[in-house]
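Contents: one structure, followed by commentary.
Just so it is clear, A, B, C and D label the chains in written order, and each chain counts residues from 1 on its own.
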């Protein structure tokens, strides 16, 4: 087997004994004490520090999903920390593992669809035509429209409303936002009821405006939820509920079998 | 088995159809567009929004560990994403799983030690006496002093230097910082060489000043690395190195066995 | 909000103070000391204990992927255990996280295709016709044929050859195996080179013969690799290589930047 | 920085185009169709294939913890799969992440204690003396006796009883088993109630007899639960309960806050 000669490269970070460089910025000189967590997250996702409007918009996207109470990911984290309290990182990791196509990760599906439909946001585009094609294509594949509808937040998702408002103010209300809104409109007309754009749909559209590729957009949700899950670890350590949830689920799922077993005894 | 009646409670978040409340703040009205990612992370970890100085200090702590190049966690994430590119959340989770007692999570060990040594930071304390006791106790248990030393950043860790500077400026240079410095001093004297406080040691001391319990302090590192790992997923998707690393490691670890097998054939 | 009354049920296991029932079997009376690990895994995946032939076949499927040396999942596990040696379960979890669509989890894609193409394995089927349709459909969607080809094992994957041999002997060489072989044949003809069925392709076909749904077939690979990854944790603890790999990757990816920085100094 | 020359080595597996060797065994020639899943797991954990008695004993240890119904790890897996049904490996990984010091991983604590107390199981040892010292040491450190007690299985854990029976029959009832029993006896005398050895305590003692190091013994539980968790993924996909659990927990934890909010409206 001939040795492949291929050099390993990376443009993220490097360090010497007295210096750490991150995306071209000196960590100690340029970042610490000067740049906020959200702005450095923007740097990591786009290779540059944000302008003021970009900072406002990106931080808004990034905080939107930090918390929504007792979500499946929060419960997974809590179930994990009671078994491994010495490894809180594993508990957060367990919670993140479920941010797939259904919850949170759904922003990827929506962004993928938007970015495929409008490959060049600078070129002229007829939103009505494109939206019609997108919805027709989804119907032909029997696929759901991503980024719309919510079991609790009806008739509108207040997070999406507010994010679109901030997008308007900061100059990020362009073709992707327009397309997302038109798609939701058509889908709602066909369904005969208002189908609101939800938080992940709004994040998908606005992050697309900011030039973030659909292939990493899920990262915004992962970062958000990571922060929220640290909060659930914190609360579970002082106000535990995971054992009681487990006991209840265990009792309920095995009640009939145990009763039958006792009667036959 | 009698049913236990115990109510499940949580003080993190709740929502109605038109409202999401997080730690007493209205997400849409008070947070989106107004609070930054780092400040909401502070809210999640302390139950209140930060003052200006708290914001500067906490954001500095939270960005410190975002990136340090090709760390074990970054490599774990990259190895994962090439197998499951459709599940980037699982790749980030894989990288986080290793933030245990050795890397990043070591801030928990240091903070635990500091907070045990000074249970009440408001009470008068003789730092020299306490530091001596702490080091003596570690020696008697043959335990290492946590939070000091670094394989690359010698003789000082520039991140710790800068963080302590910011702590001085923002009013977070109190007894925990003094104790951490004194412990490092004693350990260095005994080792006969300067043993610098490293980044996790500095974070442990300063987060203790900010009132963050040792039991969740590791969360600061988990949040930081989560952001960095999203960056590694992003780069691996466009400039992949994980397959080449795997090929090299595989070749090298099996070379002798394959050679022997070929010679005996 | 009206309370939904929906009962939580499960048919997996239940226990009383003196008894644990798993899938209708008494753990202490019927399983411990009587049933092997592989046979209980079969029970978990099919709701019944295996016949002798099923036991031979299923155990063969389940051991096939236990080890293939320094795979990406093995490296991810090793990177994790050096950071969190106190949490080996997290290291195994990190390795498993990457068993997605590309490695190991690819058996799901192949099984899904086979089971969609032959919904009822008992009904008569023209393998040539179905195989032609399957390949044509994949081509029209520009999708790869799953379960064929291997970077090292050429021109045949010896694991697939052996598994098909055992399938013949145990009576599991039916329509799914025939279809998988015919699909590989057609794909090879079109590619102008032999495209061997690989290990995951063989497992997909044979597990389909055994009645295991494509939606859980990936579980066979997950169980296998879990065992292998425990072995990598074990070796990393006594013969560590992860730190050296990290050091090499870090040096190589940052060499140019450090050199440039030194020259400009 | 001088390049370190250190060779990466591994004794687990290697392969050529037509051969895969695992722990010195030819995968296709010696393992597939001949060795069961449990026996190959033994090979991975001990570097050799088991004798008949070793096979019976090890398989019994390995199947013991496969299932115990709705445990925290099962619930974590189910919460994950509803968010990422396309990544069942991530759901299993999430469940495994919690097998730490409290559940399952507790076998490591017990085995560590036993193997420290009897470093050489071939040397003569006074079990009563050693057991007394062990319990006294635990008391002085205010540490719990690991491997004893169970919330449901009282006054004895039937799994431990059965495992010790098999150990007797297969020749694995030596000093570690005797020590574990004597420790439980002393602890029970002091507590004034019978404190039964639980399943993890029995596995710890018997695996120690089999020469498995405490540092990897947790791997037995990880392998077991991995199989069980695949079963929970399977059931959740066809008989889902995770959404209903989430809905109930969410309602209950936010009920008071929502009520207060509605009254003040």
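Just so we're on the same page, a residue touches a chain if its C-beta (ideal position, glycine included) is under 8 Å from a C-beta of that chain, and two chains touch if they have at least 3 such contacts.
Please read these numbers as outputs of a predicted model, since none were measured by experiment.
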| item | value |
| --- | --- |
| Co-neighbours of subunit B and subunit A - touch as defined | C, D |
| Far-end chain from subunit B, centres as C-alpha averages | C |
| Which of A-D and A-C has more C-beta contact pairs | A-D |
| Separation of subunit C from subunit D, taking each centre as the mean of its C-alpha atoms, in whole Å | 22 |
| Centre-to-centre distance between subunit D and subunit A (centres being mean Cα positions), rounded to whole Å | 34 |
| Distance between chain centroids, defined by C-alpha means - subunit A, subunit C (Å) | 28 |
| Residues of subunit D touching at least two other chains | 8-10, 13-16, 19, 69-70, 84, 86-87, 89-90, 93-94, 97-100, 104-105, 241, 245, 249, 253-254 |
| Residues of subunit C that touch subunit A when the two form their complex | 7-10, 13-16, 19, 21, 84, 86-87, 89-90, 93-94, 97, 249, 252-254, 256-258, 261-262 |
| Subunit B contact footprint on subunit A (complex, rising order) | 1, 3-4, 6, 8-20, 22-23, 27-28, 31-33, 35-41, 44-45, 55-56, 59-60, 62-64, 66-70, 87-90, 92-94, 96-100, 104-105, 152-154, 156, 158-159, 161-163, 165-166, 169, 213, 215-216, 218-219, 221-223, 226-228, 230-235, 237, 239, 241, 244-245, 247, 251 |
| Subunit B contact footprint on subunit C (complex, rising order) | 69-73, 75-76, 79-87, 90-91, 93-95, 97-105, 241-243, 245-246, 249-250, 253-254 |
